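This is the structure, below, for whatever I ask next.
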Amino acid sequence: MEVLDVLNLGEIAQYFSKMAMFPVFDCAYYIVSILYLKYEPGAVEVSRKSPVASWLCAMLYCFGSYILADIMLGVSPIDYFHNNSHILLASAVWYLIFFCPLNLFYKCVAFLPVKLVLVALKEVVRTRKIAAGVHHAYHAYHHGWLIMVITGYVKGSGVALMSNFEQLLRGVWKPETNEVLNMSFPTKASLYGAILFTLQEAHLLPVSKSTLICLFTLFMATTKVFMTARHSHGSPFALIESWLCHLLFGSPLGIEDDHHHSAPAAASAPLSPTKTKEELSEVTRKRKSKKAE
Amino acid sequence: MEVLDVLNLGEIAQYFSKMAMFPVFDCAYYIVSILYLKYEPGAVEVSRKSPVASWLCAMLYCFGSYILADIMLGVSPIDYFHNNSHILLASAVWYLIFFCPLNLFYKCVAFLPVKLVLVALKEVVRTRKIAAGVHHAYHAYHHGWLIMVITGYVKGSGVALMSNFEQLLRGVWKPETNEVLNMSFPTKASLYGAILFTLQEAHLLPVSKSTLICLFTLFMATTKVFMTARHSHGSPFALIESWLCHLLFGSPLGIEDDHHHSAPAAASAPLSPTKTKEELSEVTRKRKSKKAE
Amino acid sequence: MEVLDVLNLGEIAQYFSKMAMFPVFDCAYYIVSILYLKYEPGAVEVSRKSPVASWLCAMLYCFGSYILADIMLGVSPIDYFHNNSHILLASAVWYLIFFCPLNLFYKCVAFLPVKLVLVALKEVVRTRKIAAGVHHAYHAYHHGWLIMVITGYVKGSGVALMSNFEQLLRGVWKPETNEVLNMSFPTKASLYGAILFTLQEAHLLPVSKSTLICLFTLFMATTKVFMTARHSHGSPFALIESWLCHLLFGSPLGIEDDHHHSAPAAASAPLSPTKTKEELSEVTRKRKSKKAE
């Protein structure tokens, strides 16, 4: 913690946790989200065939977290859509990514160095959303710890948690899996983040909220940037999860690792860029989406 | 506009837009809606096997627009069901269409001249619903233009927008398509209508609401009657949409036409009653549902 | 009614209908519900692979009725989750049933005599839920008879009504059937119970609510215990339903019987324990889930 003291973390964290997200950070969030939509197989065809469906999917990618959190708290699911400027910005990003002449905008933002910056900015927004979600639920249910965790979780995970239904909108149906059954890193991190922020709200964590926001953002941004740069789908939680699952649920050790493409394996061979099946399939997907343009 | 002046449109429109919908117009709406339910393959079998599921589907067909709009605005989805007289009327229509001895009621209302009148009356209700939906949303969100459009849209489209889930209730699952991906004429017209009524509510359209209701009803009723009479699934918007999509989204010209069974093609050969694939399949469906009775 | 008078039913019913459900009855409800979850094919594998998904399914099994009723009345679907003690109890039951060393807890509660007692206790809770649901809806909509029936119905049926989506959470998708299309005995009884309690609330039934609770509980508990003991899936309503459907909907007599594994058939041969296809498949399921442990 000495390094943090030297950096005068308190004030920086305070400033950081009050910083406005609109428009720069939000814009990065929209760009990265809709970029992932374009990577989805068939998304480009849908945008040509039915722009309305494609736009709706883009909105789900950008505002899915608000929609889900509103549903969870019994508010109108389209409540957030009265923020006309946010909707306009997200729509502009959607238009540029899918229909920009020469695919220029897409090529710019998908260029790795640019993408890494955008990914980092997106994680800043994600952390703030988790904290806001937990805080919002805390105001509605003072002792509803689980409600706080759930609200923070859906605010952080966003469209991932309703990916089955988002895919259905594009005519794709994959019932054999879902984001709860096979959590990706951001979903998992959102869950742990929501638990941390709930503990903080319950004064069980000896740390101020702004510090927690700052630290969690740092963790998320660095991890996600690192993973994006290495096209990795491993999880930094794999080792600890594997042990915890073994302890609590009697899962055989190592199964979690195989399943999540293995931080331990990556740790033992961090320099060999052998591609796992999932990474290869992502590469294929990207090629396909490039061809389709 | 001279013709309209001669007809003293202002007063007529005023009177027309205040006219009570219950029971005559609503009844026509229920009859046409449940008629379409009976055309669905397998619907008659479901009504024999599980009357509760069939009745529930009929209620979705009749009140789907209210249910969806209530969900969108965060109200109880079964809120409309406290209108006992409406529910009773719709239930009676359902019973008569599915279980009337000798299938007498069905034969009467499916008789083309009668059906055309009912279809026209149904469009009157649809337009009023769109206007009411937009107005309702306007009261909740004064500057939420998108929320107004969405509410008007779901109020006009009704069950079509949740057809995937309505089918699921009958044990049918067709994930490869949905109403947003392949909009039918009423859904599309509802969307455009919702945009028009939102523009009117925003005072961007130099026309009174009653006049707009009157004109839009006229357009919907004549178009729908014409389409029902000719068993056509073409869209009067096809040409303009094709150009707009070409301009905005770079879609190749003519694709929209193929897809929507082509107003231009119909315009070039309006007198040749060649049946498209979709029309043929509707004929087959009707035959099947007749056999099943 | 003489016997009931002798038993001084009025006071007993009064006492019975005020009795606290937490923790004993609720605990029995959770145990039986999660037991049925463990019987589901694949549920044990899911609990090993993704404890979060398994826990979520268990919560749906325990609190599905509250979630559905809250959705129906436009309240936050996770509203009930602020009852931390209930959630903790249900989570403990889930943990014990799925992860107890040597599968000890499961073996205890699945032991038939114990299970029969728990099943009876569960039906006590179910009846109370139906009555509470109807009463709750009555307060929101004084003349919304249908809303009362629907709320009571979903409160009684619980997770069964959303089984398609609960299965989806576990990666299973069976669109060809659902609980409305093929109602099981508890769902059907919940519907009839909800109608009875609505009639009572409308003062159309000359009986006090506590007496109705008492009688309906007795009916449900004895029927369900009898059915569980005999591994039967027949319905005591089959005969009367068959006649009613014949009268109202022209269904051929006997079809309902075949479908519901036939109370009449059971009545004509109540002592021959021949297993129907459905019963056999349940036995197979149980064997499988035992193997999987």
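Order as written gives the chain letters A, B and C; numbering starts at 1 within each chain.
Throughout what follows, a residue touches a chain if its C-beta (ideal position, glycine included) is under 8 Å from a C-beta of that chain, and two chains touch if they have at least 3 such contacts.
Each chain and its UniProt protein: A, B, C = Trimeric intracellular cation channel type A.
Just so it is clear, the model here is predicted, and its values are computed rather than measured.
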Among line, ring, star, complete and other, the chain touch graph is complete
For the C-alpha superposition of subunit B onto subunit C, the rotation angle in degrees, rounded to the nearest 5, equals 120
Subunit A and subunit C have mean C-alpha positions lying a whole-number Å distance apart equal to 38
The positions of subunit A in contact with two or more other chains are 74
Subunit C partner, complex, touching residues on subunit A are 71-74, 140-141, 143-147, 150, 164, 175-178, 180-183, 191, 245, 248-251, 255, 259
The residues of subunit B that touch subunit C in their complex are 46-53, 56, 70, 74-79, 81-82, 84, 87, 98-99, 168-173
